[in-house]
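Submitted below is the structure of interest, expressed as structure tokens.
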Amino acid sequence: MSQTVTESHTDGQIGSASDLHLAAFRFMLWARLLDEKFATLYRAGKIHGGVFLGRGQEALSAAIGVHLNKTDVFAPLIRDAAGRLAFGEPIIDAVRTYMGSALGPMRGRDGNVHRGKPQDGYLPMISHLGAMISVVNGVLFARRMKGIKGIVGAACLGEGATSTGAFHEALNQAAVEKLPLVLVVANNQFSYSTPNDRQFACADLAHKAVGYGVEAHSVAGNDFAACMEVVGRAVARARAGHGPQLVVADLLRLCGHGEHDDAGYIPPDMKNSPLGRDCMKLAEEFLLKKKFTDAAQIAVWRSEAVREIEDAVAQVQREPAPDPFAENWTALATENLSEGRE
Amino acid sequence: MSITYLEAIREAQAHALRDDPRVFIYGQDVGAFGGAFKATKNLQKEFPGRVLDSPISEDAMVGLAVGAAIEGMRPIIEMQFADFSTVGFNQIVNQASTLFWRTNVPCPITVRLPFGGTSGSGPFHSQCIEAIYAHYPGLVVLTPATVEDAYSMLLGAVAVNDPVIFCEHKFLYYHLKAEKLPSEALPIGKARIAREGRDLTIVTYSAMVHEALVAATELATEGWEIEVVDLRSIKPLDTDTVMASVARTGRLLCVGEAWPWGGVTAEVIARVTSEGYGLLDAPPQRLNAKDTPVPYHPNLWAAHRPTSRSVAAAARNLLRT
Amino acid sequence: MSQTVTESHTDGQIGSASDLHLAAFRFMLWARLLDEKFATLYRAGKIHGGVFLGRGQEALSAAIGVHLNKTDVFAPLIRDAAGRLAFGEPIIDAVRTYMGSALGPMRGRDGNVHRGKPQDGYLPMISHLGAMISVVNGVLFARRMKGIKGIVGAACLGEGATSTGAFHEALNQAAVEKLPLVLVVANNQFSYSTPNDRQFACADLAHKAVGYGVEAHSVAGNDFAACMEVVGRAVARARAGHGPQLVVADLLRLCGHGEHDDAGYIPPDMKNSPLGRDCMKLAEEFLLKKKFTDAAQIAVWRSEAVREIEDAVAQVQREPAPDPFAENWTALATENLSEGRE
Amino acid sequence: MSITYLEAIREAQAHALRDDPRVFIYGQDVGAFGGAFKATKNLQKEFPGRVLDSPISEDAMVGLAVGAAIEGMRPIIEMQFADFSTVGFNQIVNQASTLFWRTNVPCPITVRLPFGGTSGSGPFHSQCIEAIYAHYPGLVVLTPATVEDAYSMLLGAVAVNDPVIFCEHKFLYYHLKAEKLPSEALPIGKARIAREGRDLTIVTYSAMVHEALVAATELATEGWEIEVVDLRSIKPLDTDTVMASVARTGRLLCVGEAWPWGGVTAEVIARVTSEGYGLLDAPPQRLNAKDTPVPYHPNLWAAHRPTSRSVAAAARNLLRT
């Protein structure tokens, strides 16, 4: 997969709009199928701990991923399988992390959505919501000190995370430093089960921007074409030196908070409203209508994706589990300062 | 009929809400949804207006509780996971814990921390940070190990006129069952002899009590009689019960699921050796988790925390000393 | 003093505008002179620890104090001597706290500006900026649960404190609960030495309101009449059920951060700008112009204030210092649960 | 010429900035103003663009440092007071401390905490919370007690490839003077014998080292030879040096300015008694602050924390055992 899909995504340097859209769509497709595979494995008891899907949020997530270059910075959250793939994460890294493989980037130490490679500007989330934003700031800040220009850093979060002190401090910090931060808020109307009227009281989360002195962008988060355009614009503004950009996307997650949750708290009315439309379907319709591709091609991609995912899972299932005796059981890089090992 | 540790926590809250109009519950998803672990299931329906969803704002959640306590209420705050209480840390350790001492106005809040390791939960959903809170003056820190204690100690926590950090172990939520809820209980602050013995005392708390009991059963087949002390409350810490047990057995093994530096095991050993040195026939020993974050993969997790097997091994070593 | 000044301030029920203005002015005067006394005592080495003045901020502070009733809630910050007096704090409580008297409300356990009586709705600040706001929310929330209506809660802070996560979480919380919170931000252009361009990047702090869904009020913080009007309006809006109110007042502190600080970082230009005008002078001019009072009367008040302050200080200096042997050295209300005492 | 503890901290930072382009300083008022305590005086002028005022955002300050460290920088974060680090707590204990373990990418940040009691500073500007950080894996916690150590250990902290919590005692800032800065130093992680003796070992750190030394001098007039071990680093904790000292003296008194539950004194006693039980001729003892917030009034403050007088009294008791 890392080959097939990233082929057409040569480090953000994709020629035409249609190329970029097709690339994004393929990441969405791969992400949707990958998520579904994780859900299946979860139900089969093959995954330890929780499984968190991005179902319904792939368009937004892919849009941010495809607009980042390899030299940019990315801090995705739990529903960003699409953006992760678009940023260059090989499928096998996702599978290895979920399965706790010793060969994965997290070596079985952390799991599921907690994965990344900081040395590649791909920051592995800690669970505490809002906490990654200031870390993105730090990377951007350091790069500026080093004279590196033209890069951006994107951090994703849900609308619930905007209630955290960490979100506030970090967005303000980015604004004061005028950092090229793109903050993408997926407003999926619920944080876990909590509806927006128990989470915030502003008419529109995009209204927050003026209070920080940053630019805001609103978008229908399940409208693929709109996401591509609006997120693209936000990334371009940040890259051009206009400081932090706040993107607020309205949408619905078409799944539970995690696979243990049936999302019974989402009212049917809402599911049946425009908010509840599946971005995958809308994206497909858009591409077909624009004649960027055809149904046969999509079917080919789909089966390619399924095969690659199955292959990755099969491979990882043969891989060694982490061995506690091979662990050095220290949290310090400076081994001679570590203590408490046996 | 049987009732789980988690249900006991729900029942205690229902009981508290029923008996005392000053009680309310505030936390993420505790309302209609009944909480991430369902510890408040149906409570919002039963007690309208008194079980409220909060924004994802741990600092403000605790701050609100302190204000309400000043006004005479007895709020219960549910943290979704103990690990997230670090974001509300300041309000706990600087606002709540100092209020009474500064002003003579009590601060009866209960902060429920679903804590401790479960398989596959990883570094940010598994932490045992009870010692962090116990270090600060002005807080009571409780760690029930049984269904009965989960129930009666939570009722006790709500009744106490001080901020209580209520550490409920997620590993015990569904596993642990009792026939019925207790009508009587040891007072808050008293430890319990979970198993009697005469060869060695294991002092521990929360989920590790059960690992210790399994170890004790195993060691019994080898002819050893192990006494297990369940601290129940780590602050205050019932030094008397611990000392009395050590006086009987002459050997002390402290077991904790938390990280090794400092914490309950160090505190217990420091107290026993400084106040009851002559009681010991062998050096006191301790067994903690390893000094790294809590790993995700079950293989690593099982090696990271003490288990009945490693407890038994440590006890055997100590018995041979 | 508590008599003389609060006489005309019968629990917010002051008859005419001129009465309220006069009351506020007298609190300002008392506060200015009290602060000056603390500064003198500090220079004489008679005060342990720091001394923090409200010089230049008395109009704003008094305005909030006089608009609160005794049954309201008040969480002042370090520059609120005027508001504290207006809310009903006896001078002697301030003096006792600064001098660490055992008879003061804090019994020598805490000092200087860290004073209050929670049981009277007067919340003693902890030092951590922003931390008092959610506590005010809690009191208001509890009172609403108890069916108490028509009250408001005010929290004061500096512009620097708006950068804290605590500020953000608490203001959002108040907005979600639609609590009658009045948040008074004294934007004195510096947080300690840090100028606003290193603190935030929005054009106007009042712009933050829309992002929380609360109402905003801006005012020239050294303009006495304007403060009275705007703060009065904000309090009235909160009291009438319109939810949280954010008041942003622009001004300058006419002193150092504390008395150890010469405020050399405030540019002379700024001091000489309208921002740097002394609210005491403007208030006096206003009252004289309106003929609410005359210079002779003000002189009388001033000497009354000086005498009362001197009396209070003299009295407190004769009072016992706290006795460590009389302390029970427990931080718990539940004595039988406390440990570690010797 | 003489140099204070505070000046040593400034000099170490100047040195680090000069020698290593990856170093920068970020904190409230650290820029033109030179910091609340003047620990960064003139540094912004000397090193333009590398000493930056931050907003009042402790969480984001630490988060930014972690991001910069990922990018290869070596940031120094100044907390205005240690007490305010509770607001940046989560980024320290969950982000910075876990980064290397999770990802194999080091996190070389130094968080400077001006800590400890001074007269009249009260409950929120006096705290000793080093044990809170030491409890978490992934952090190094340093507590220099001398001008020389303030200098060399801060240089060492910046050089270490891990997050370092650098606890600099405010009481020592102006009081403590040395003739010159050192060119050599003990390695980070090693304790120091601050005074040799053979009758009793006092293990302590930071400002309490000086109280212990005064007590030792006083006890010398009574004929006792007290050995004082200055831990320097509380995590890692140099058990070997402590044990060797206790092996010589047979008596152990641990002194800490922090609160009594848990903490350094408990940890030291737990280690010595479990690993070197036979070395002790008397029960180990400890002396900590009282279990309340730190009081404002000097009379109360003096009774709250250990002083040379109470250290001497505790030592005398132990010598008589």
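The chains carry the letters A, B, C and D, assigned in the order they are written, with residues numbered from 1 in each.
We adopt the following convention: a contact is a pair of C-beta atoms (placed from the backbone, for glycine too) under 8 Å apart; a residue touches a chain by one contact, two chains touch by 3 or more.
Just so it is clear, the structure is predicted and the values come from calculations on it, not from any experiment.
Trainee: Please report the minimal path length, in steps, between subunit A and subunit C on the chain touch graph.
Mentor: Step count on the best path from subunit A to subunit C: 1.
Trainee: Which chain's centre, taken as the mean of its Cα atoms, is farthest from the centre of subunit C?
Mentor: Relative to subunit C, the chain with the farthest C-alpha centre is A.
Trainee: Suppose each chain is reduced to the average of its Cα coordinates; what separation in Å results between subunit B and subunit D?
Mentor: 30
Trainee: Could you work out how far the Cα centre of subunit A sits from that of subunit B, in whole Å?
Mentor: Roughly 36 Å, centre to centre.
Trainee: Based only on mean CA positions, could you tell me how far subunit B sits from subunit C in angstrom?
Mentor: Chain centroid spacing, subunit B to subunit C, equals 40 Å.
Trainee: Considering subunit D alone, which of its residues make contact with at least two other chains?
Mentor: If we look for residues of subunit D contacting two or more partner chains, we find 54-55, 57, 59, 83, 86-87, 90, 94, 97-98, 101-102, 123-124, 137-138, 235, 237, 261, 290-293.
Trainee: Give the residues of subunit A that touch two or more other chains, as numbers and ranges in rising order.
Mentor: Those would be 106, 109-110, 114, 126, 128, 163-166, 169, 172, 176, 198-200, 330-331, 338-339.
Trainee: Chain contact topology under the given definition, line, ring, star, complete or other?
Mentor: complete
Trainee: Quick one: which bits of subunit D touch subunit A in the complex? Just the residue numbers, please.
Mentor: Those in contact with subunit A are residues 24, 49-50, 54-55, 57-73, 75, 90-91, 94-95, 97-103, 105-108, 137-138, 140, 160-162, 188-189, 235-237.
Trainee: If you look only at subunit C, which of its residues touch subunit B in the complex?
Mentor: 105-106, 109-110, 114, 116-119, 123-124, 126, 128, 131-143, 145-146, 165-166, 169-170, 172-173, 176, 330-334, 336-340
Trainee: Within their complex, state which residues of subunit D touch subunit B.
Mentor: Listed in rising order, the residues of subunit D that touch subunit B are 83, 86-87, 89-90, 93-94, 97-98, 101-102, 123-124, 129, 131-132, 134-138, 235, 237, 258-259, 261-267, 269-270, 273-275, 277-278, 280, 282-286, 290-293.
Trainee: Along subunit C, where are the residues that touch subunit D in the complex?
Mentor: 47-50, 100, 106, 108-112, 114, 126-129, 160-161, 163-166, 191-194, 198-200, 265, 321-325, 327, 329-331, 338-342
Trainee: Considering the complex alone, what residue numbers of subunit D touch subunit C?
Mentor: So the residues of subunit D touching subunit C come out as 28-29, 31-33, 36, 52-57, 59, 81, 83-84, 86-87, 119-125, 260-261, 290-293, 295-300, 302-304.
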